[in-house]
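In what follows, structures are represented as structure tokens.
First subunit A sits with subunit B, and in the next complex the same chain sits with subunit C.
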Partner chain A sequence: MAYTPQFYPGSTSVGINRRKHMSGNLEKLRDIPEADVVAIMGHRAPGADYSSTHPPLKEMGEPDCPIRQIVAPTAGAAAGDRVRYSQWTDSMYFAPSIPYWRSYWGAINCKGCDPGTLSGRQIIEARERDIEAYTKAQYDSEMTDVALCSMRGCTVHGHSLRLEENGMQFDMLARTEMGKDGNVYGVKDQVGIPLDKKVNLGKPMSEAEAKKRTTIFRVDGVQMCGTVGARKYDEAVEALHHMWELRSKWGYRPE
Partner chain B sequence: MVTASDTESIQVEVVPGRYLMPATAQKLLNEIYGNGGIVRMTIHGPNLPRSVPYGPGKGAPIAENRDLLIEIGGQAFELFVKVGRVRLELESEKFLPGLKAACERALPNISCSIKKGKFFHTRPTISDYAKFGKVEDERILGLIDPKAKKERMAILSEVGVTIEDKEER
Partner chain C sequence: MAVKHTKKLFVKALEKKFATEVKTIGSKDAKLEGQTTSYLRLGPEQNARKREFMEAAAKLSGKRGMTGYNPYVHAGGIPLGQRQLVPYKLSGTEYVVEGDDLHFVNNPAMQQMWDDVRRTIVVGLDMAHEVLQKRLGKEVTPETINNYLEILNHAMPGAAVVQEHMVETHPALVDDCNVRVFTGDDALADEIDDQYLINIDKMFPAEQAEALKAAIGKTSWQAIHVPTIVVRSCDGGTTSRWSAMQLCMTFIDAYNMCAGEAAVADLAYAAKHAAVLQMSEMLPARRARGPNNPGGLSFGFLADMVQTSRVAAADPVKVSLNVVAAGAMLYDQIWLGSYMSGGVGFTQYATAAYTNDVLDDFCYYGADFAADKFGGFAKAPALLDTAKELATEVNAYGMEQYEAFPTLLEDHFGGSQRASVLAAASAITAAIATGHSQVGLAGWYLSMLLHKEGWGRLGFFGYDLQDQCGPTNVFSYQSDEGNPLELRGANYPNYAMNVGHQGEYAGISSAAHAGRMDAFAINPLIKVTFANPGLVFDWADVRACFGKGGAREFRAAGDRSLVMPAV
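Up next, the complex of A and B:
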């Protein structure tokens, strides 16, 4: 029987969503043009050449190495692209993806990337043409709600702040705005430089839908323990206790 | 038996569930102002810089954060922060029910918590001393952002409004 990884325990909606994010089996909600994603990332003008740090691997004459023969390079590594980043801030008010889950998604599903999680933001670094593809995948999928998540290369705070009146995550640099037509528009790139034209990111999720798709356990949403008053805790807590016990007593090495 | 005097001033903090747009902030502050009994008031929230403060885009203007003028009690002044909470000192407890009603009128669709407590400090801090030296009028204590390079305060009075600091940081 083929092994199917479980990724995350629990039967709550948050547990199920966490499994979906980690497995990469995500629903596609929108299709933002690649040129618009490139413009918001702000590393190169859409259509411009990729800057490189070394010649393409084929021209370099690589040493005879069994690992290099087994592992096919990503498109960006093969072309010698520079390493670039995309950084996200997700609101703690039921954003679909919370920082750790973007990292798990990246580490499990994206080849040749370096995810990093901080308290209120999440960054992925990879070769430029790879990170563009990974960023587009994040934008298009249910990992992102355009009102509660945004790309912020600097001045990132917003994760733990109250929302704006119109339901948008607070952004000091006003990189996104709610249009009169109810769509969210990207007006600046991730470091706050105005874009040549506004990017239509589509309609935000309703509050109910964001709560349905979120990966954050909250006392006023879905609790990590599962149903309040149930005789048995959800498996997520039991697994956590189990890991804590193994780690505390045996340093993760039960022998 | 000792009972709390209803003529002593009280301090109150109004915390809306969402950050307020300038128009809503103006509505709320005017309702609070109309309720009367205010000894002093300060608004608090995240900074709204006029230009990108750091990073590759440093210096790029942020048009959305400029000229956020609001008018309170007939006096106009510019907002430097996103209004997230309002701290007040009221002349006495009797103005509190009116304050609650004012908040409900101004924010019908936003939840709002009103807490009584102590929100302004009573003794000058080192920062206060560095900025003002010996403080003559103690009502100024607690109205100043200790991290601002200069004091940033709008004083509303009968004769006009004074904005002490327009310098960007």
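Up next, the complex of A and C:
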């Protein structure tokens, strides 16, 4: 019988959505042109050649290595691309994804990447053409809402701040803006350099849709522990208690 | 289910912090629970302290002949203040100061707190007295001790006692220097001149005094505080050398010794090594710091330095949180933030633990919950199950408050801040409830994991190691990590990297003993030494003292203006 990864416990929408993010079985909601994704990433001009840090692997005469025989290089590694990044900031007000789940998605589904997880941002580094593909996949999928999530290379401040009155996540550098037509536009790249032209990222999710697709537990959404005086633990908490207890006991080794 | 405390102590602070926003936006509907707001992007001019900085920089630019502070170079021309720059209320006090006032460079009370640690050394008197009596056959009596202490309080600030034509320090520059003695021997204490005695009976509640005197026994000790200006010019490693030299010279004078006789070497050895208690251990070469520097300061020692336990023993939360404040400032802002790293970011993170009554609220909730459940403090069984129940409850309460009050979430805008506050509240609760610091520590790590599970985020990259792997070191017997929490310190293997931990660990150490109403956490000598009324910093009310510093009401020692031209 083929093994089916379980990924995550729980029968709530948060548990289900977390499993979807980890499995990579995500719904595609939009199709941002590749050139626009590249422009927002800000590492190379759309259409420009990729910078490389070494010749293509086929030209390098690689050593006889069993690992190299088993693992096919990614397109970016094969071409010798430099390593670049994309970094996301996801609002705590029901953004679809959250930092650890972007990392789990990357670590499970994306070859040759290096995810890093903080509270206010989540970065994935990879060879340039690989990270471009991974970034587009995130932009287009239900992992991302264009009002509650944005790409921020620096000055990422915003995930925990109240939303703007138009529902946009606060961004000190105002890299995205709400258009009069109800679409969200990217106007600066990841590090805040103005784009040559605005990028139409489409309409944001409604509050109800964001709550349906979110992976965050909250008392005003799907609760993890109930509320004061009315505790009810999600299955995830039970699993975590078990893991914490074993981890604590494992450290007690008087031998 | 036991639920007693839902006072939401932080609301008052939030109302003060966001009052300007409500006034500026002019919305009658503006409230702390709202999930949206208008960001007015008023820049640094909205804030009094930033305006002061800009004015000062403008005056200095001509004098300096080069550019300096200019907030408009920030982020390619977008300055601080795109959101409201809110003030900070020192928890448990009425002080409200600007965030900038809590950077130790701008806060003389914070500087003095650290100065008071590194300028302190505890030196036993008994070994020296044995040398005098047994080796030299001299008589040591209360009268000779009082005479010695009079000479010592002349010499220790930097004055000559047996030599001619010596330079000396100006008494008004070193007036914070003093030496007092303490002992568990009531008969000896009665004979010591009051001005030179730390009177344990007077400074501590009766039960604590008895416990301290029993622990100290018949031994006698000198609480030595060398001049602040000395350690600011040199460092903490100087303290034992400075004090030892003055101690030896004083013995020579007081007991009419030969300055060159071999017995002086015994006195020097006692003063520098054999009878010395440094405030902190020397660090390994890769961190390159001598003794009496913050990296070697154990959490238990810091818990004992803070004196809230002798003035508010019935309030273990208050006791613990004053230790947290001291540690957040010293370990995060000064040690990790400056000695080890540099810059300004650590202050922003550290303040979450001692401002706006947030950690207070979470801890009082936990302490009330535990007291209801287990019938008082230090009554709960010291088990993992206790840590599990209490940490899960307190962590859930705290997360709920952040979710119900978006302004609170915005106040602790970094995940590291929230992680530290939630974990500290969980751990302090578990420690107070059980009287056991290791159970508290277990609660800390469970909180971290629950927090990460709920919100899918925690702190900096380093939290992955320190906090997600941390449960394994709680009960570890491994040689380099097996200490009880009180004996761990800033240089403990997994603790030497992240802001928002070490001060809280000191608070957990304190909480266990505060819950038990112990007289001290780990060392009675430290506890009594920092009860010295001659200290400049108020170790009984750490947070208020920080507030005074921020409000520019605190006068630190070590001022050089006496010997410089007026500005």
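The rule is short, and it goes like this: the second predicted complex is superposed on the first by the 241 of 255 C-alpha atoms of A that agree within 3 Å, B and C clash if a C-alpha of one lies under 4 Å from a C-alpha of the other, contacts with A are read in each partner's own complex, and residues count from 1 in each chain.
Everything below uses one rule, namely that a residue touches a chain if its C-beta (ideal position, glycine included) is under 8 Å from a C-beta of that chain, and two chains touch if they have at least 3 such contacts.
Keep in mind the model is a prediction, meaning the values are calculated, not measured.
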Overlay on subunit A: subunit C relative to subunit B, clash or fit: clash
After the superposition on A, what does A:173 contact: first (subunit B), second (subunit C), both or neither? both
Pick one for A:164: touches subunit B only (first), subunit C only (second), both, or neither. both
Between subunit B (first) and subunit C (second), which does A:250 come into contact with in this model arrangement: first, second, both, or neither? second
Is A:216 in contact with subunit B, with subunit C, with both, or with neither (first, second, both, neither)? second
First, second, both or neither for A:192, with subunit B first and subunit C second: both
In the superposed arrangement, does A:16 touch subunit B (first), subunit C (second), both or neither? neither
Residues of subunit A touched by subunit B versus by subunit C: which partner has the larger set? C
Per the contact definition in the header, classify A:72: touching subunit B only (first), subunit C only (second), both, or neither. neither
Where does A:153 make contact in the superposed view: on subunit B (first), on subunit C (second), on both, or on neither? first
A:98 contacts which: subunit B (first), subunit C (second), both, neither? second
Doubly contacted subunit A residues - partners subunit C and subunit B: 154-155, 157, 161-165, 170, 172-173, 192-193
Per the contact definition, I'd like the list of subunit A residues that touch subunit B in the complex. 42, 153-155, 157, 161-166, 170, 172-174, 177, 188-189, 191-194
Taking the touch rule as given, give the residues of subunit C at its contact with subunit A in the complex, in rising order. 1, 3, 6, 34-39, 75-76, 78, 82-83, 384, 388, 392-393, 396-397, 399-400, 403-404, 406-407, 409-410, 412-416, 418-419, 442, 445-446, 449-450, 452-461, 464, 469, 471-478
Mind listing the subunit B positions that touch subunit A in their complex? 16-21, 24, 46-49, 52-57, 60, 62, 64-65, 82, 84, 110
Any idea which subunit A residues touch subunit C in the complex? 92-93, 97-101, 116-120, 154-155, 157, 159-165, 167, 170, 172-173, 192-193, 215-220, 224-229, 231, 233, 236-237, 240-241, 243-245, 247-254
